[in-house]
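Note that the chains take the letters A, B, C and D in the order they are written out, and that residue 1 is the start of every chain.
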């Protein structure tokens, strides 16, 4: 079927490629004309403006927005202005679900449907397919199913979950209609919150194993451990096997000390929003919050909090700070 | 090759089965004679005592101990007493690595080698194979390789880690010589510590999604989410795919509200030891510790700590406790 | 000077009493006429409506609002409607600082000043005075100083901070102009966030000491500790002495096992907002967040998260849940 | 009464001074003869060796050991060798309570009593007195009471805990017999664990207030807050008033930005042991553990864990690290 794609960065462009490979027709637009030209060369129909884009679509139109979060609001407005009753806007970016709730409500009186799609798969999506978490009205999501079917990874070689039988449901083919508008990004948000927690769990474990050889430990206690081998062996038959572990194994093969990484770790909105959702719902989320804070901490040389601690220690105990850092020093 | 197995519980018995299926010879012993008989019926050689067991082995003897942690110490002693110089003891249970360090040092003057093997794979090991983390002297581990090779899952259908080439190393076949005695259980310990963290990350995420429909939230904010579908869709192409997620998906298909679980969560020594190792090494382990504490908390109706909080609140603010529990109440 | 008080609950009524004792004139209003009558009997001027209240004040009017958070918004609107240019509204409740920012901006064009005052002191304020954290324009805060001076505890017998000299500043007399509108509640918010952390630190410590006598510990390890005595001795000369400790000592004298508390611990908005502010600013706040989550957890019998853990454990290891709770069980 | 003091560092020397001021007789020893001479000049009896010290004491002898933790074991042994049945050793340092349990048991057959005393008060003890937490046999602790009475702060001007009446108990005078040997250091250990938690709570709160003026926040949201004033005002009437807050107020008066502290924060054994005790007892101690980990983190430029996170992020999302640190960056 026909789909408009607005925003031709890595994600948007690769989605267009995956769709065209499977026979869909794409009309594409980006603020950067060269990005449009590149996909036109691969078979897409180019548009020179949002109005031009709208004119090249057959109603009911479907426009997928794949732009950086800070441009989503203005792009949704701009696209809505060139669409009509019965058309729909799909936000495939990383919007905050409360923005989806608001936008869907605002577009409702104009008869424009709003669908939010959280996607996971990163740079691997073109090849592996994108895991899609979708929010919106049932009839609209159903109409768009051929698009989702193509973007999703499909059933693949993953063993079926025991207890499931009959025709595989959409979730088994890699896309899920999670609920009303906002649900897709809510589920994607929690997905990323979980992702932070999983990553931090592995990270702490490898840190402990790396420190097992610390000179500060008593000699009889020290152990030299082969981290790349450990990541590798855990990939087979262990309880902690996962895709994130696969990636860790890859990184450790390339650089066992991970020396080329400094360790400044960024975070995106989803991790923050997940903890905020937990707070709003009074759900304990110790691990998700701790994972987020570890990232905040990684980006500072020292926190003001640590200086407050040093100041108190000096005042009550006359303690002065060590001259040099050291993990094992007390 | 020939192996003695002491301890024929689920794990030990299944290991014997897997070994025999692949042509190894097993001499088996258990304090429960019926457990011995059962495996004799499947082709193993039974022993009526540790001395009998030793007499049925050809030197250099290899005796694998697979007993509950509290019996490990006495069993190692008992087995060592019937073995001789050049023989080896393999502890396949969940020993504390510091006990391994001590036992290996104690057996050293007697010429008996000590090998510790951490195993992961749970009830799935007979079928999938056991992920093996091994500590001990290189020559002994090498001599025992045919055993490890058989118990391990093998290379299977798991895609090779990019960057690895040539003949697959042992880790790719599912077993790893991690380092000197103690290393196997150290790595297994951290493995379980990570496992707790991963589990808690998923658990918190699903808790937040379940609460998205909470009556305490403003109506425009509530979302009804399909948890079994979400677990399923994440299995395909998402960053959080893992074996633990596969199991969660299975549990949610069977019982979407998980109503048959009360939520008392036990912990084993490994999770505790991992946090203690982190403390010993001055490694921050916020997520692993929080995961452990969540389990401690799950087994109490109320902590004394919470009563202290209630008492303080009453004293400074005249606050009384709510009459009934409630997640969203303040 | 003259002050209007709207909201005559425990806090508002006691503030009126403290002000009148020191010669200020108060015009009072509450939705409950009996609350008005009670204070009229003590010397206040009663008002039968907000309009009546406004008519009994001499410009520039100052109206202090001390109502439950959920009524603050409508009360501010109602009061603003009966005031005029040059008057001011003081919100002494527990408003969210972002609401202060919004309200101050909304009242600005009408020439009505908005002052937000965070207060700490709980039920002890009438006697000890209220610690006041104030946000608003300098000239307005200065004009209201006589009110703040009276409500605040004053310099008291607390030793002066080394490094301070000369005439005691307002903060030493118990009130502080923190910054522009919103600042008072922001500081009060963080104050409460810290309070949660302090409380949880004591609570965990006493929990550990109570468990020192646990039957699950090896006999040679068990210690019977006198908790009321410990709280008492720490009050004198120890690093952890504080007012919260004083209150804990009092509670433990009355009931050493704190048996009359169930341990359901409520939380108010401030603790939540503090963690959200930390997230907004990318500041690690592990302790403040953990303290909040401990309260969330205290109000649930079991979390869904814990059921997810139980389900995973059953699936990978065949582990079943313990039949009964128990702190030390594994 | 007569007391021997072994170890004349700041703490030991000041204790001798405080004792002599109140009429006690002290025999003193230190490996550094100059430390001995200094106190002899102030009225103490000097000893040139442990044997000399023992010969100058009247049975039943009481020898207080106040040496750095790493010398405690050997000093206890050395002192025990010059004492006799009926004498007692007091360990006033920061020993691990399990070492006390072991030492008391080892000295028992020799008839030498072992008393452990945890002390809090830091550099302020000479002036304010030391808060003493004592473990040992009742008769021995009773015999030593005059010493404890003098070292402790006494009842002072601290208001009596409501509910207490009659003659003030020892705890109200600043010392407590907590239980059998080991109890004193156990209580001191938990005291320090709590101390870490309290400090971290304040530290995080001040960090959040400092970031309220962050350039990364939207302009309408920024607040400039006066941290020294805030610490000061909280000292009067607020729920968070404490001695640690007093010290923070002092540090902030001297240096509002705390610029002279780098923020490397050391930890001593007690904080670690407290978390280990919590783990041993299956008590959730989220705040105490998080406080400890924050100190570990403060002493490293980057953790290996953070590099693992960066590596994963690169592998799944092509994310590269920011070039420069920044608290608010994502």
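One rule holds in what follows: a contact is a pair of C-beta atoms (placed from the backbone, for glycine too) under 8 Å apart; a residue touches a chain by one contact, two chains touch by 3 or more.
Being a predicted model, the structure only gives us computed values, none of them experimental.
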{"item": "Co-neighbours of chain D and chain B - touch as defined", "value": "A, C"}
{"item": "Interface numbering overlap (same over half, different under half) for chain A and chain C", "value": "same"}
{"item": "Maximum centroid distance from chain D, chain identifier (CA atoms)", "value": "A"}
{"item": "Mean-CA-position distance for chain C and chain B (Å)", "value": "46"}
{"item": "Where chain A and chain C are represented by their mean Cα positions, the distance between them in whole Å", "value": "38"}
{"item": "Interchain centroid distance [CA atoms averaged], chain C/chain D, Å", "value": "30"}
{"item": "Interface hub residues of chain B, defined as touching at least two other chains", "value": "122, 124, 200, 202, 204, 207, 211, 239, 243-244, 250, 267, 280, 282-286, 290, 293-294, 296-297, 299, 303, 305, 316, 327, 329"}
{"item": "List of chain B residues in touch with chain A within their complex", "value": "97-98, 101, 105, 120-122, 124-125, 128-133, 152-159, 161-164, 169-176, 178-180, 182-183, 186-187, 190-198, 200-202, 204-205, 207-209, 211-212, 214, 216-217, 220-221, 223-226, 229-230, 232-246, 249-250, 253-254, 274, 277-278, 280-288, 290-291, 293-294, 327-329"}
{"item": "Chain D contact footprint on chain B (complex, rising order)", "value": "239, 267, 272, 275-276, 279-280, 282-286, 289-290, 292-294, 296-297, 299, 303, 305, 316"}
{"item": "Touch list for chain B against partner chain C, complex", "value": "10, 122-124, 199-200, 202-204, 206-207, 210-211, 243-244, 247-248, 250-252, 255, 258, 261-269, 286, 290, 294-319, 321-322, 325-327, 329-330"}
